[in-house]
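First up is the structure itself, then whatever we jot down about it.
Labels run A, B, C and D following the written order; every chain starts at residue 1.
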Amino acid sequence: MINIALFGLGRIGLMHGKNLMRNKNFNLKYVYDINKNLSKKIAKKLKSIPIDYPSIAFKDKTIDSIFIASTTSTHIKLILEGVKNKKTIFCEKPLDLSIKKINYCKKKISKLNPKIQLGFNRRYDPGHNFLKKELLKGKIGKLEKIIITSRDPAPPSIKYLKQSGGIFRDMMIHDFDLTRFYLDKDEPFKLVASASNISDKKFNKIKDYELATCLINSKNGVQCVITNSRHCTFGYDQRVELFGSKGMLISNNKREKETSLYSNNFTSSKSSFMNFFVERYKEAYKLQLNDLKMFITNNIKPLAQFEEGRKALIMANAAAKSLKSKKFEKLAL
Amino acid sequence: MINIALFGLGRIGLMHGKNLMRNKNFNLKYVYDINKNLSKKIAKKLKSIPIDYPSIAFKDKTIDSIFIASTTSTHIKLILEGVKNKKTIFCEKPLDLSIKKINYCKKKISKLNPKIQLGFNRRYDPGHNFLKKELLKGKIGKLEKIIITSRDPAPPSIKYLKQSGGIFRDMMIHDFDLTRFYLDKDEPFKLVASASNISDKKFNKIKDYELATCLINSKNGVQCVITNSRHCTFGYDQRVELFGSKGMLISNNKREKETSLYSNNFTSSKSSFMNFFVERYKEAYKLQLNDLKMFITNNIKPLAQFEEGRKALIMANAAAKSLKSKKFEKLAL
Amino acid sequence: MINIALFGLGRIGLMHGKNLMRNKNFNLKYVYDINKNLSKKIAKKLKSIPIDYPSIAFKDKTIDSIFIASTTSTHIKLILEGVKNKKTIFCEKPLDLSIKKINYCKKKISKLNPKIQLGFNRRYDPGHNFLKKELLKGKIGKLEKIIITSRDPAPPSIKYLKQSGGIFRDMMIHDFDLTRFYLDKDEPFKLVASASNISDKKFNKIKDYELATCLINSKNGVQCVITNSRHCTFGYDQRVELFGSKGMLISNNKREKETSLYSNNFTSSKSSFMNFFVERYKEAYKLQLNDLKMFITNNIKPLAQFEEGRKALIMANAAAKSLKSKKFEKLAL
Amino acid sequence: MINIALFGLGRIGLMHGKNLMRNKNFNLKYVYDINKNLSKKIAKKLKSIPIDYPSIAFKDKTIDSIFIASTTSTHIKLILEGVKNKKTIFCEKPLDLSIKKINYCKKKISKLNPKIQLGFNRRYDPGHNFLKKELLKGKIGKLEKIIITSRDPAPPSIKYLKQSGGIFRDMMIHDFDLTRFYLDKDEPFKLVASASNISDKKFNKIKDYELATCLINSKNGVQCVITNSRHCTFGYDQRVELFGSKGMLISNNKREKETSLYSNNFTSSKSSFMNFFVERYKEAYKLQLNDLKMFITNNIKPLAQFEEGRKALIMANAAAKSLKSKKFEKLAL
């Protein structure tokens, strides 16, 4: 049994907590949140022990892994502490909003043989992941285009948005990483971004965007397009299209039920997509935990590690910069 | 250039007339209808000569082919006359409503080397036809099930229905023939039918049905289901499913445009199916004429001949009989 | 917490056991199988107590519900015993292969206020169930046709088949019940069946069939078609089509992942369907347990009870009879 | 009857010639090509009169319309001559490769009340056109994103490519215009482009590209992505996706037949897309001619005129410029 301490009990933290509780390979020993009442409440729900200080978990020799789902600004500190205490780390995206802090951390931990898994769940999605396998098998020949569509059903709260780091660092970061996932040994080379607000003008006030698009070129010339929206009336729109010299692969949206209605004015009208990440990426979260288990017990590298978090942020930063420079920004990955 | 005389200028006759006029291989020399005014009007439209008597066409040595689209009850007489005069015949379905008359005709013409093409247009549909080719290539192994769905967008007029011979002889006859098309060297062996009226009770008055289903067994044990409806709010529903030991083939409905709408309550809502046979089987009618041309010029047998018309009627009659006997009726094909 | 005793630990019993173990509303107290070693082994897996005699469970006052997944021939006896002991019963299909025994049981328990849920899981499938709701909302007007396709990926063992009661009682029984589910207040009135063996001749030896079709008419004239196959190369084919005066509803197959491949010779080629009932009806089994819980705690009737099991067997028997009589058999439901 | 003179009898010219010949509203009086033998040959085929000099058509008072399908470099001269002679002009895209020449022409003809229709056929495609109508009806709320995918099945000859003006002016020009079609009263404001060669390195030699992507922002903030490829193994890939505040509209690819194959390893595998523009946009070409007829007879403006050709070229030029500047280029439209 693997003993886990979970830090951060907000929406994503609670989801991870439930998944850990249900998973026979893990024992969710401790839960911690800066809000002590929340800690107690959630601890009860998850049949776990609430702790008042992270240090309790770091010092407990029986704890194998630190699961970080707390506010972004706390990630690096917890990683440093966890690595120092020889814990395997699982950290939610993004690593941090400052590349300097990330690089500093990288240097600090470089000789400590760190074991850090990054929460890029989409790499584990059975559909998205299958595309990578088929690609490597040569099913579509040489990769030429990657087109990723990612639209949230509705924006998060203004409070969340304000400290999120903006659409590129908070939302598109998943797609930047997914691009790198498919590029495999190739790497993104330059990118240009654009963003705007059309329907929901509140984004203007916080200097953020509801709509964003990014065009990325890889070293080999692969052309990648990422298209994001903070709202989507028809559900959580999550699609990947890989175009190659010999074919195309698509990973499409999922629905709870495969029903269709035919009527006077239309045919084959289907139900909505799964509403959001908890449902849509349910399988992915499960497979991500399998990888964490294998990382801890057999030291098998998970699909996303510290470097994936660092490189995705470099891309997000370049996108934000491009928005101002109005030109392609080079990436040093 | 092939000279044609077209008999019968109703809905289906006019459609054939237009197709013949547009086709470079044919010269629509004469048109005839029992209604002389109609003959004149349509002749003008089709740039053809209206004739007052069929005999004019039969006696004209330059006429290669007689195209019969007149009332069902006139078919056999016109076929006999046409064969006697060495014309190649194209005859719309059904051959006749009386199997006796058909058998009499068969006997009469047997020694005259008759050339008769039957208007079973669905055999020529690019989709339905492709299924047969794939089946013969062994793509689904041994054929085990045939499931045909055929629903008209709206019923014809009561006047038409009254003299139509009923749903089995007028409508399902196409599907009986299609079943034989896929069974290839196998043959239907027995069938059982059921029929009812639920929404449109006017069919009760004329002792006909808006809904009908037929279950057919072939000599080899292939199980075939035909499901018909005289109405269908979402268009002309025309589907074929072939199930075999190694797979399945489906020929699906067609739309004018491949658009879809995603909204609050639904996703991927598509437009209606092509409304009716003129649009849905447009390509099929074209390919049917190609076969007629090859039949006339090179004596290459078309996909459906006299025997196809005769056997389909035997099946339709058995279905009507089964409705009363409430049991499987054997077929002597 | 609801205390359960599970009888029968074969494939389906084990699946139910796992589902009960994972469900927070249930405590799987006892497990029993005629094979004592199996009882012990599975008990360990399911964190349950193995019992040597069913009577232990029947006499235990803390046991709320008896879950019957043992051999068909044992069902009735266990139901009688369970009802006598005031337990809520969950029983897998079919109730029994003898309608006499079922009717005897019905009489016996009639005054004991029996609470019996039948394992017709498909009624709970989110897709199939949604169709019923839409139908009741009038989305397709009056119901006119029900077309159910059910194909297993591969046949069970000969040993299983020999004691199964044949394709109608073992397999199509699900579809007979589903037909009744959609007919709602209407009832099946007569049916005719056909069956054959084409690819897998071993079925001939045991006088059973790999392919079966059934045509059912309801009192209101609804025409229903059920098409079954014991094999299907492309997975577990599970579809329902409801056709009505104002539209059509389809519940289609489900896939693990929604990916498609486009290549030289084909476009939009998708992955296989979910392989079999455990995966395909995973959600349905979960919802079925919810109903069991509500039945026990709040006496809310589940979707399928004893009568559903009895009526489905009457239909299966009629189908088997029709196969010999080659005619429509009337149903007294 | 409208009398037409057709200039240019290459692939696209011949296609237009056939369409004109089949259309009852038009009389294809003259055909002209710089290659006199070709003129004669095609004239015979199209039942038309070959002319040795364009001037014959310009001076012929009975000629209503000049149909320009000749080499791009000849377009402007023919337009000027045609307008001077009061002919209605139909001109294939692009107007010219030089914006200077186009602006010069614009000035020259400005006071002559010119009637010029541009050959942007995609505006007439029933699918693409339907999207515009639905958009204007408010079906998806405010337009926020336009995503256009356009991939040719195979590249044209090197000879053609060399004089084509490059992928932006020759191929993507259709998509630039389509973007403007959907933006309606809004206009493109700035764009950035990228292009590369991965599989077919011959494009490097002629300094052209097989792959190109363009990101366009409109004045209102609509984000548009165009993705082009000169090859596509699975056919002519032609898709439009409009995303809005209240939904999404997609115009998808078309197939000759709607068949699907289910087998051991895959399900619902469909046939290839229609191979190329002649088949895919057959209906569009027909509707485009209807518009030409209405333009000539009733002076009803067609969907695309001279300005559409001019503005699309400005966009193509900006894309080519952006490729070098590696930044967003502003558009003065």
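Keep in mind that, in the parts below, contacts are C-beta pairs under 8 Å (C-beta built on N, C-alpha and C of every residue); 3 or more make two chains touch, one makes a residue touch a chain.
Keep in mind the model is a prediction, meaning the values are calculated, not measured.
Under the contact definition stated at the top, the chains bordering both subunit B and subunit D are A, C. By number of C-beta pairs in contact, A-C leads when A-B and A-C are compared.
Note: the chain lying farthest from subunit C is D, by mean C-alpha position. Centre to centre, using the average C-alpha position, subunit A and subunit B are separated by 58 Å. Per-chain CA centroids place subunit A at a distance of 41 Å from subunit C. For subunit D, the set of residues that touch two or more other chains comprises 233-234, 246-248, 253, 261-264, 271.
Within the complex, the subunit C residues that touch subunit D are 233-235, 253, 255, 261-273.
Within the complex, the subunit A residues that touch subunit C are 22, 125-127, 130-131, 134, 139-140, 246-254, 256-264, 271.
If you check the complex, the residues on subunit D that touch subunit A are 141-145, 147, 151, 190, 192, 194-199, 211-213, 215, 217, 220-223, 225, 227, 229, 231, 233-234, 237, 243, 245-248, 325-328.
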